[in-house]
Structures are given as structure tokens and as C-alpha cells.
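Letters A, B, C and D name the chains as they come in the text, with residue numbers starting at 1 for each one.
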Amino acid sequence: MKLIEKFSIPNELAKKMIEAAENKAKELGIAVNITIVDEGGNLVAFSRMDHAPLLSIGISQNKAYTAIGFKKPTGDWYPMIKDEPALLNGIVHTPKLVIFGGGFPITVDGHVIGGIGISGGSAEEDEMCGEAALQIVQQLV
Amino acid sequence: MKLIEKFSIPNELAKKMIEAAENKAKELGIAVNITIVDEGGNLVAFSRMDHAPLLSIGISQNKAYTAIGFKKPTGDWYPMIKDEPALLNGIVHTPKLVIFGGGFPITVDGHVIGGIGISGGSAEEDEMCGEAALQIVQQLV
Amino acid sequence: MKLIEKFSIPNELAKKMIEAAENKAKELGIAVNITIVDEGGNLVAFSRMDHAPLLSIGISQNKAYTAIGFKKPTGDWYPMIKDEPALLNGIVHTPKLVIFGGGFPITVDGHVIGGIGISGGSAEEDEMCGEAALQIVQQLV
Amino acid sequence: MKLIEKFSIPNELAKKMIEAAENKAKELGIAVNITIVDEGGNLVAFSRMDHAPLLSIGISQNKAYTAIGFKKPTGDWYPMIKDEPALLNGIVHTPKLVIFGGGFPITVDGHVIGGIGISGGSAEEDEMCGEAALQIVQQLV
């Protein structure tokens, strides 16, 4: 019987992603929380920038988890459920599920190796920080 | 005083139901999580197919629980509450309640013997897997 | 930068392990709960044998999690901490940590691919069921 | 009325402390989880070294919290309560309280500016990593 082969994000890459996201946040003049989880949803690294909102600590963690939990950006959720009223009123109550932007799976060569979640700015700003972090991945791996 | 007599799903039947649901999922080209609970809401058997979404582990458990919790399919909930704004905005916050399809009570001769919850595909796909599992029950009991 | 490579237990192997553990439990005349988690601690498969104790549902899950959480059998914990009073009085309160026998990491070629937890019999009986399940792994992979 | 003035750890210092703790862990040949919280107990930064135990994610967080929660190292707790049976049997059940070594308040000029928690090695090894991180503080602030 064949085992399932997985690839997982190393700590060093997680720290580089956080650095890239923070640089983008500084450029935007905002302070955010950034969470990196591995492909199994376990915390790898976290950083709260000075003065970033406290409630966003948990939101960033949930965004990272949602991103690996369904292997899609959190920003894809609302368009996907907006015309399905049972989901729109129901699935949003799933613990840890976030349906707005700021969470992304981290993908290398078709393998989801982890997830990143950003929270503290607007959904658009959070996404810009996340995208800056994802660009680093393609350069480094 | 007469005691309450209950009939409950045996482990062997739970495993057969999981097998039937998984076969349907494979036919549909999806990977799902399947939970079977007994009539008391306690876990009997669970299976996560390879590569099924992690966030659906909990959703499948909650669907199975909701199904025995009110002895009706989870898909019946949204139509039932959609025109009652207090329920639509309120009852959805009940822990473990799922208001979209994929959970079913398991009924034999009018007795609810347990519940099944499927999560990982669309609500319609999850329901098709659940129905495949329910058909097995009528053949085996 | 190099990614971390992991190997993870497939669902089919998890089911075979559960079957082997249940066969041993039947031989011993006991009814147990069996949990299999992957290397990231996420549920893969679970089975509660008919009439197995309800409180053991959670204990079996925690044993499986502890086994992957420190990559050692749960039965190793008490001997390891018994002469360290701060740990003996303290670490036992860690959520999900089980310090008595019945949980084992599942290891193939030096890779921890998941964990198994058994609960329902004595610690020794639970361990015998777990060991029966681990033997299957070496035959099948 | 005079307000309470606080001094709190900046994110940049938290990252330097994590780096120092990780360097010490590498020297010791271990992989640990490191948590930094601010003086309000809120997460500032976290890092799980590659292959560090998953159960230690939470333990490191609880050590950091305990350290600021009573403004003393977690290793001080067991000696303090060991001859007080009501505490030894009772207070250990307090959520998040850790009574063994590996958590330290971070103090500058008499102000507790945050806490650090290390978990993954023995209590002694965790403490050595924490002390390496605390030395950096005195150099940098």
C-alpha cells in the first residue's frame, strides 16, 4: 500500500513570508497580524506588528486555517456561497471558517505546503500583504 | 413504569454505510468526510477519505449530530426557517447545528437508530453520498 | 530552500489497522474505541465497537494525538515523569496529553505517518490492541 | 488621576529573542516552540522550529502566559506550591497555568514588558533557550 507523500513549509520560509508581508504592510501604512500554518493546519509562525488590532490575532489564525482547510483563498468563499442561501446563512458558523479575503494556501509545484492568514487592514489590504508573501515563495523554493 | 426501548446502529452497519458513501464519492470524483453517530449522538465511526478537506471533519460530525438532534435531514432546515427571521438570524448560532444538506437520520421501522453526516463536496454531492449509505441500511437490516 | 517532506497514513491503511485492533479486542473479550490520526494530528478514521465505553471516545482520540504530538507511545510518559515532581503534577494538565498506555506513533522507515489510540480496556489490553494494529502496518506497507 | 504607564515589547525585539532562543536550541540539538506575549498576555510572535513537537505549541503559549500572569518564571511554581497540598492539588488545574520551567517574564528596568515560553526539550533545555533570549534583551534595550 502506498503512503501519501506531503510537502510542508519549513520554518525559515515562514519567517521570510512574514517579513515580506510586513514590508508590504509598512508600505501601506497599516499594522497587521500574520499567521503561517503547515499543510496540517498546525501553527508554524506568527507575528503581530506593533499596534496591530488584538481581535485580528485570531482572525489571522482562522484565515490561515481556512486556506489549508479547503485549499482555496478565503476571498473565494463569499462569491461561492452568495447565491446559496442555506450556505450563506449556515456554513459561516463553522468554527474557524473565514469567508472574506486575507487567507491563501501556499502552493509549490501543485502541493499545498501550508497557509497564510493576514488580518488588521481592510480585506483588500490584507490580501495585498498575503500576495507579497506568496511572491517570495516562488523566488525562494 | 415502562422503560424506553431504543434501537441503535451497530458498528458493523456503520462501517458498511461508510463504505457505500465512499463508493458513491469515488464515482462522483470527490473526497469526503463521513461521520456516523448513534441515536444518543455519540460517535460510532468516522472516515476521512484521502485528500478530503480538513474543515469538513467537523462539519460532517455536526451534520450527523444535527440529523439525530431533530430527527430530520439537515437539508430540511433552511426551507423551514427561511421565512421566520428570528430563527434565520438566531437559531443558526446553535452550536453543532447545520442547516444545509448532507446530514440524515438513519431510520429503521420508524426508529431513528443513528445519524450520518457527509462533508467535502457540494451539498448536493454530499447528499448523494448520504443517500447511497441509507440505501444499504434498507438492504442489510 | 528545501521543503519538508512528509509521509502520511492513507485511509485504507487506517481501516486495516482498526480491523486488526478490533480483532484483538474480540479475542480479549473487550470492546474498545479506536482512533487513527495523520502525522499532523488530524482525524483519519475512528471506530467505537458495540458497547464500548463512551468516555473512551475522547480518551482514544487524545491518545492518538499525544502519540504524534511527541512521537512516542503514551505508555512512555509516566516512567519518564514519575521522578520529576514538577512535571508529574504539572504537565499532566496539558490539554489532550495522555500519560498512560494505549497510544502509539505509526512509523514506517523512520517516518511518523500517524498515530493510533485505543481506549476501553485496561491500559495493557489497549496496548495489545494497538500492537496488533501496528503489526499490520509492517505487513502492508 | 494618574494613568497607568506601561512598557511593552516591540515586535522587533520579540523576533530577536526568538532568533536567540532558536540558536541556543540548535546548539543543544533540539527543536522547540517559542512564544512571545506582551505585558497584556497577547501573542506577539511565535515560531515552531522544523520537527518540534506539536503538543508543545500550546505548552509554549501557556508558559509565556503564566510568566506574565504572575510575573515570575514558571520554574518557580513547583517549589512554591509543593508543601501546600491545597495548591499542589488545586491550582494546577487553572487553565493556562504551567508549573515547570521554560517560561520567563521579560523585564526591563523593573518593568515586565512581556513573557517568553519555550517548549520542546526538557525543562532544563527549554530554560537554557529562554535564558539565551533574555540575554539579548539586556543588550538591545
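Basically, a contact is a pair of C-beta atoms (placed from the backbone, for glycine too) under 8 Å apart; a residue touches a chain by one contact, two chains touch by 3 or more.
Only a predicted model underlies this, so the values are computations on that prediction, with no experimental measurement involved.
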item	value
Same-site or different-site touching of chain A by its copy chain D, using the half cut	same
Euclidean distance of C-alpha centroids - chain B vs chain D, Å	44
Inter-centroid spacing, chain C versus chain B (mean Cα positions, whole Å)	26
Chain A-chain C separation of Cα centroids, rounded to whole Å	31
Shared interface positions of chain C, touching two or more other chains	4, 10, 40-42
Topology of the chain contact graph, where touching chains are joined (line, ring, star, complete, other)	other
Listing of all chain pairs that touch each other, if any do	A-B, A-C, A-D, B-C, C-D
In the complex with chain B, residue positions of chain C that touch it	10-11, 14-15, 42-50, 54, 57
Interfacial residue positions of chain A with respect to chain B in the complex	4, 40-41, 65-66, 68-71, 84-87, 89-91, 93-97
Touching residues (chain side chain A, partner chain C) in the complex	1-10, 12-13, 38-42, 108, 111, 113, 140-141
List of chain D residues in touch with chain C within their complex	50-51, 53-56, 58-59, 75, 77-78, 82, 88, 92-93, 97-101, 123
